[in-house]
Each structure stands twice: as structure tokens, then as C-alpha cells.
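Both complexes below contain chain A, partnered by chain B and then by chain C.
Presenting the complex of A and B:
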């Protein structure tokens, strides 16, 4: 937790604003297109996708996997809740897959809004956001803090 | 090469619909400093590095910078180029292209590639240069420092499947390889490998990873200065005026003094464990060859580390145990004159030039001060057996004929971007 935003969060906590800030930002929502063939995903399925172990949820359907920027606090929280790995562990893991030519990492998007926008346009896309999304996308997994 | 042409044709059709966001540029690097206090001996991270044996400290040994360009028009096709600048004998652009391949993933289970790919024989041989994904400053040199090749030109295929909770990957590579290997401060030779064939089986289950591998190749070249030594030794062996003992020694030295055409075989098993807190890694390999001019023997290491937040202290032990005793001079050749005596020294030194007899104890600390960069401090104490200096640069036979303890202190910053 060394990003400027998490530092701000910590300062906010000490100022007594923790409940408001913390509860609003705690959970993670894994999202898919409203017409996606999948209703729900298990934590294992999502972990397999985000650790590059699989590229599809069912035969023939490649998932367009979306990540968030490395400096987004939501990314640290997502991988910690999903895999119990720290950001540097996740980055070292993905560097190994990427620089041996075995797998390409998911495409990073700038923020929640960009992820929601991309997922709402593409029936094959899967992404994650740190705030409860509206009805333009479907929540397929809810990770609780 | 039919697969290669199919890949190429499919690829050309993909390129016609290329978009800029299908291209990604990424990279990794290390800024490293290493220091040893022994005179007339130089540290080598691997045997492709040129080193002046008189320099005790170096920024070059561990520093590197890699750039990678991936073109992924759709999930089934990919083209990738990786260029790595690192300290080695020859740094031409062709040599710096670590890999350049076309890949085809017809389905989830199968990966096919053609071009130049990373040599995949041991647990981490494909990412020896990627410090950020390793616990140590560098892979244990007893296990990774003597491998002459980093890449293979040819084709490879992998088959992935899951059985219960275990994910399996079986992979084979076919091709050729080449590397420039320094022999001493002023001479090098281009070591080529023909018919590189390797097969690895990998299994992952929870925090555990296992890998077994077997690879074999034929040495396609030998140093140019072998021929005059062969001629000189043959002359001594045939010299009717020379004592019989010297003639026999010359004949014996000459009979093993060759490399081209030799078969070289590596067999290995390795395991790694990482539960997020504890990490462990160990490998064992048997290296054999019909030529006595290459390092052969048994190599292994074991590493244990533990994460305390962003700090990871680690301990490691490594060893290379040679199969063959060192070649030593038997008779004094000075009755035949200084040239003959010099020839004997040259032949004996060449036999032991790549011989490895070494063990190392390592203690180090990794600090992940950023999510994409780590600082490492490592101390290695190596014991090198007499005439077992294959992993070091020594300036002459005399310095190699005694055993030595060497302390090496290294500091690196590894990063990815």
C-alpha cells in the first residue's frame, strides 16, 4: 500500500473519515456484458483468467480481459481479494509469463468508467471495478473486503 | 518448416487488418554492481561474458535492459520480438535479438511457435535475464552460469491440460543455437549447436510447481586454435627421439582434444513452492558429453526465502560436482624444449578451461520498494576447487591450479515496465 491514493486513504482514516471512504471503496465487482452467456463466475474462474491460466470460459469463446492501471488502488485490492498476492508478486508473476512469451497480460484501462464503457460495448469482455456499477453491465462476481 | 510457412501466411493476412492498439511495448532491466576482492580472477555471471580478470568491481556483469514488442491481432496469433542488451562477448544486433517468433494458438491446449525462442530446459532458463521475477540477484551460477545458449532457432510446441487440480504442460523444442564464448582475454569462438532437441514436462498444483527436462544437442564447432594444438601433440607423440612416457602423454592428450561433433546432454528435475509467505526452489541436473572440453557433472541448488511485507530475506546453497578429474601435467616436457613445454601447458589449460568444481553459500535480501521495482543485496561465498575455474575468468594456468575462496558482494535494482 504505497500508492499516493492509499496514503490519502490512510490520512482520511486518521481524520475520522474512514467509514465513509472505506466502505464505499472496499468491495470489488467483476463485470460482464448484459447479454454475456455467463450469469455468474466463481472466484476460481476469475483467478484462472487473471493469472493467465486460461483464455476462455467456454470452448471457442476467447475472453477480452480488462485490467486497471498499476497505480489504481482498485488493482491492488482486486488481486489481494482474488489471489491473496501483493501487487509486486502479481507484477513479478505476470512479468514471467509476458517475458517468456507465454501469455499477454490483460489490457489496462484508466479507471472504473473506462472499464464499464468497454464491457458494455463487448459481449466477450470481463473487467472489474471498485464501485457498484449500474444496469449497463452485469455483475458476475462480488468480492467482499 | 511447413508449420512455419502456414504461420507466416496466416500472419500476413492478419497484418492487413492491423491496428495500433494490437501492438504493445514492454520491458525489463537490472542495474547491478558486483565486487570481489580476489586478485587475478574475474567474476562471470555466465560464460558468454568477457571480463578482465584484474577488475574487482563491475557494473556490467549483472546489468541489462530488455525491450519487447508484441503484436497480437487476435487471441490466436501473435508476433513478438525481444531485444536484450547485456554484457557478452559479441553484442551485434543479431546476437541481441533474444527472440523473434510467430505464435499460433489454435485452441487453449496447443501453443505452436516458429522463429527464435528462449531455450526452455530448466525451471527458469527461459527468463534467466529477468531479475524482477527471481528471488536472487542472479540465478545460481553453478546451475545457470555455464549454459552456453539462451535461445533456439527453430520451432517449439506445447500441450497444456488439466487433470484434477494439477495443470500440466508438455513442451518440445527443435532447432539450432549459437553463442560467442570467450576463451581468454583476447580469444573467443562461436559455439554452435546442431540438432537441439529438448522436452520438458511441467506440473502446477496450488503453491507447488515441478519440472523435468531432457535436452540433447551436437556441438557444431570448436575453437580454431584446436588444430595447431592437435598437430603439435601428434608431432610429439610421433617423435622418435622423445621419451616413451612423454610420447604416451602427448597421444593421450591429443585423443580427447576435440569438441566438434560431440553430443551434449542435460537431464534435470526441479521444484518450486510459493504460498505468498514462504518460497522455496531447488533443482538438480546431470550434464554429460562425449567431449572432455565441456563442463560435465552434477549440478544442483536449493533456495529458501520468506516474505515479511515488502522484505524477502533468502538463503541458498549451490554446487557443481565435476564428473572427471582435472587433467594435470604428468611428465616434464622441458627436455624437448620450451615450445613442447608450452604446448603441454596449453593443452592442459584448455582441458580445464571450462571444468567446474565449485560450491557457493548465498545470503541475500530483496526489498520490493515499488510494485514494479526491487532492490537486492546479496553476498556469495564460493569455494572453487583446483582447476575447476570454469565459471570464472582466470589469467593463466598457475592461478587455476590452486583452490580458492571468493567473496562476492552484489547490489541490484530490478525493474519492469
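Presenting the complex of A and C:
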């Protein structure tokens, strides 16, 4: 028999589940090749890389940055957690840098799977995904929501 | 009297308008100086702040680009930003540097001056990422002299505006004053000037002035003019009445033949009328007709001023009028007499009392009285002194002679044959003979001061003063008298008659100590002469006189 109390309980359980799932999905994982020279990166290092301030982690140690498509919700989340900038701010920022002709924004990939695939193939590549990746890549920074 | 005074207004040496101009100029000047100084300082500061604010805005505008340039060390963006900034005239140089060591410095002119720390404005460059951290500095070298010059120009412009406004307002106020106050006031004044006091003229004002202060002033003036017209008319009528009364009294005062004078308590003349000045008391005045007002006028006016003073003193003590006949000083031998009425009055308010004297000329009355006396002592026929007068004269003469220790001689004359002539030719002839005898005796007289009197029908008396009876003078006189009758007396009807003279001579003090005795002794001597054959003279002898007195 269905009582209002049991109904409420079920609604509450469903909402709690949803919240837990959402929270897990909001985290961002910055990943590198499993054989990359760096084990861990700071948030500052990642921000400097993705805002074009540096192109190498150590002198001579260039990295290849991978971005995600502008339509991917993960990109918005990534820049918000990393630099506290909105997507439009980030786009404007890069537009200005790109205008000078000397700097190029990171190369965009279609989705998390493409990013993971590219990173797993290139030891210099660094990217980010919205889901916990498998062991084929190394997580160098975990950005919590 | 009612002549219109149309003389032009005197030029205003110190007009309100001029004062207002001066006041306005001073106020405008002061205001311009004070407010101008404040305004200048404020404008200058404001302009500086505005420049600074503009600079701040400029820096804010380029901040994100500059921050990106510094953040990523992008020369192209930095250059872009700096070029943009250098287009601004206020900026001489721009420096962008980052914490990571990136720097770009550009000058507007290669030959620009050194950095001056005061003119250097620095702005923090914040990270383009959301983190609030400084990643560099944007430094601007401002063109301080230019900014200052511009600020000064702006401030001067404001100042000029202020001064111009002040002047315009002052001018407007001045014009308004002239239109609203100065002109109506001067119109009012001009009108008031043509108004004759006491006339029915009034001041007209513009109807637009009704209800204003000018209108009120005009109304008040008209009210005053009306009041003064009434007052002046009343005054004029009163004055006419007073004048007519005064001329009336003045006429009485001047035209009466009564002398009136007012003296102060020292006897100095205060006022008198023409009767006194030109008549009764003329000698008391000098040639110009004025009296010595300081001196005692009574001493000049009266022969016996002490009598006048006594009367005044009595009048003062009893408060009544005191009167008496007083002899006036009239110089030329004639005596004039005034009947004087003295009274003393205390004036109201003025403490010192005044003496009033009313003076009638009673000279003619006195003269009449004296004439009457003289007539009583004179013989009508011969105009010689009669017996009564002779006795009075002899009384006085003896008194004087006794006092002066002098002699005098009496000749008692009785005509011989007069009764006969009178009876023969009638009374008229007798009278003629008497007149002729008197005339002849008069020619025999030694001097005018000696007395020749007719003391009876055919009796004459001669008194010679200061002359001894035994002197040759008396003898010669007696002989001359007898000789004068030697020639017959011609009568009016052509006939003539002859009379003689028997003379008795007596002397004072030898023959008598008084008039009666001397006369009686002389009379006795005359009878002796008659008995002795007439037409002769006989000296009295004392014993005869005593004998004569005895029976």
C-alpha cells in the first residue's frame, strides 16, 4: 500500500541519489600521459598553461594543451573552477591573444573520450575531462566542484 | 512774496548713485577677489582631479588588455595599449611591467625628460583570471605642466566668467537703482523745489509709484505741504492781525505827544518814543539820535535826577504810579517841564524789573503859571513891577545881600504935581505921563538887574543892589532921575505937562534890617523931601526912621 510517508521517503531517497551523482559528475580531472615527467600539477600551473602565460612546465619542457569544444558543459565548468572566469570571458581573452597572431589557444577536442584518447597517445599532452578517467591516463590535478 | 523759486538744483556732489556705484564696485571687487580666489583654487583643484580621474578612467579602460599583456608577456598587446595611451596629450610615457619580469617602456618623445616620481601614476594590474592577485604595474608619466596649465586656464576661464557675471549684475543693479529709485527721487526733488511753501501746489507722482516707497514719500510730502499750507495761512493771518495791532499801538506810541520811555533798574534807556527822542529830551540824545544806553539816562534827562530816583524808589516800594513835575534838561536857557509818571514793572521770566516813565510836556502850563505870577507882580500900565512884586524882590535882595554881606539902596520916589496934571488933563493924560516917567526913569537906571517898580499911583521905587546909599552912584542916580523930569512931558493931544520927583533914600543894612523897615524909612525920607520943597532927594536918618516908626 502506498502511504504519503512512504512516497515522501522515496522522493527524498531519489533526490539524495541524484545529488550524489551530480556532485560526482561536477569534478574536473586534469590528465596527462601515464609516462609524463610530471606527477602532479598545481592549479596555478594549470591556469598559467590554459591562459597562455606559459607553454612549458620547466625550461624546455613544452606541453601540448588540449581543450574541449565550446559547446561542452565540461569546458565551462573547467574554466570556472580553474580561473573563476566565465566562458565568454575566456573566449574574449583568447580572442585578444589570438589577435596578436603569436599565441594560439589550446586545440579543442570533441569530448572526454577524444581527450583521453589523445592524451594516452601523446606524452606531452595535457587535457581535462569531466569524468573519472581510467588507468590509460594519469590524473595530475583534481578540481573539486 | 509768493515768488516761485525756480533756481536750478545744485549739482549733487555726493549723489546716492555715485555712492552706489562705488559701493557696487567695491563689493564686486571684493567679491571677485575673495570668491575669485576660492573659485580659482577650487576650479584648479577640480580640473586637476578631473585630469586625474580621466587618467584613472583611461587606465581602467586599458586595464584588461594591459593585464593580459603583462600576464602573458605579450608585446603586441602591450604595444597596442601603450600606443593608445600615448595618444593622450597628458601622458608622456607608459611602462608596463609584470611580476614575472616582463617590462615594456615607451616614451612619447625620445628626448623626454627623466622620470619625476610625483608625476608618475601607477596602477596595479590584476590577474585576468578571477584570482585577486597583482601580476604587474601600469605606470603613466603625466605631463604635469600641461595638466597644470590646462587647469589654470580652466580656472581662469571660470574666474573671468565670475567677474563678468558680477559686473553684469552690478550693472543691472545700477540701472535698476537709477530706474526705480534715483530717477523718481530726483523727479520728486525737482518738483518739491518748485513748490512754494504755503501754496496749494502738490507733488504729482507716476501712478506706477503708488504703493512704493517713492509713492509713500510723495504722499507724506503732500501731507506735509497741506499741513504747512494750513499752518502758514494761519500764521499769515495771525501775523497780519498782530501787524495791524502793532502798527496801531506803534502809531499811538509814536504819534502821541506823550513821551514814553522804558529804563532798566540802572537808569539805562531801553526804549523811548520819538516824542522824547526828537522833542522833550532831544538834548539828552547825541546827534545820531541814540542815547548812551549804558549810562544813567535820568541824569541826562532831568535837572534834578535825584528827585526822579526818589519817585522811582517810592513807585517800586508801593507798587503804584508816582508822579511829579520835573524840570528837564533843555540846554538853551529856557527851562522845560515834564509831568512824569513813574512805575516799576517786573517782567515775566526776566527777573530784572523795568522802569516805565510817561512824560507830558507841561512847560506851557508852568509858563502860564509863572506868567500869572509875574502878571500879579507887574503894573499893567507901565509894565513895571508893582508894589507886591517890589516887596518880593526886596525880600529876596535883602536876603541875598545879607548872605553875601553886601549893601543895597532903596530910592522911594513920589511925583510932584501929578495929581494936578491928572485933574487938569484927565486920566488918559495922567496915564500917558506915568508911562513917559517910567520910560525916562528906565533910561536912568544903572543896570538892568536893579529894580524899577511902580508901587503906587504916582510912587516909584528903585532898588540898587551891591551899592552903598552914600556912594556917588546913588547920588548921581537921584540927580539923573530929577533931571529926567525937567523936560515937559508931551501929551497925545499936543499939550504938555511937567511933573517933579521927591526922592527918599534909605540903605540896607544902615537904615533897616528888613524890607518893611527899609521901605518905611525911605518913605519917611521922601516926605521930608516933599516938605523940604519938592523935586529933591533926601537921605533917611535912622532916628527919623525910629521916630517915624514910633507913633
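Methods note: the second predicted complex is superposed on the first by the 124 of 145 C-alpha atoms of A that agree within 3 Å, B and C clash if a C-alpha of one lies under 4 Å from a C-alpha of the other, contacts with A are read in each partner's own complex, and residues count from 1 in each chain.
What we mean here is this: contacts are C-beta pairs under 8 Å (C-beta built on N, C-alpha and C of every residue); 3 or more make two chains touch, one makes a residue touch a chain.
Here the structure is a predicted model, which is why all the values come from computation and not from measurement.
Contacts of A:84 after superposition on the shared chain: both chain B and chain C are touched.
In the superposition on chain A, A:58 makes contact with neither chain B nor chain C. Counted by residues of chain A touched, the larger count belongs to B, out of chain B and chain C. Of the two partner chains placed by superposition, A:135 touches none, neither chain B nor chain C.
Touch criterion not met for A:35: it reaches neither chain B nor chain C. By the touch criterion stated above, A:47 is placed in contact with chain C alone, chain B being left untouched.
Legend: residue contacts after superposition of the two complexes on their common chain; A:100 is shown touching both chain B and chain C.
Common to the chain B and chain C contact sets on chain A are residues 53, 84-85, 93, 96, 100-102.
Residues of chain A touching chain B in their complex: 2, 53-56, 59, 62, 70, 76, 84-89, 91-93, 95-96, 98-102, 104.
Interface residues of chain C, counted against chain A in their complex, comprise 65, 68, 71-74, 76-77, 128-131. Within the complex formed with chain A, the chain B residues making contact are 24, 26, 28, 66, 68, 70, 72, 74-76, 78, 80, 82, 99, 101, 103, 105, 107-108, 111, 113, 117-118, 120, 126-127, 130, 132-133, 167, 276, 310, 368, 370-372, 374, 416.
Those residues of chain A whose C-beta lies close enough to touch chain C in the complex are 47, 51-53, 82-85, 93, 96-97, 100-103.
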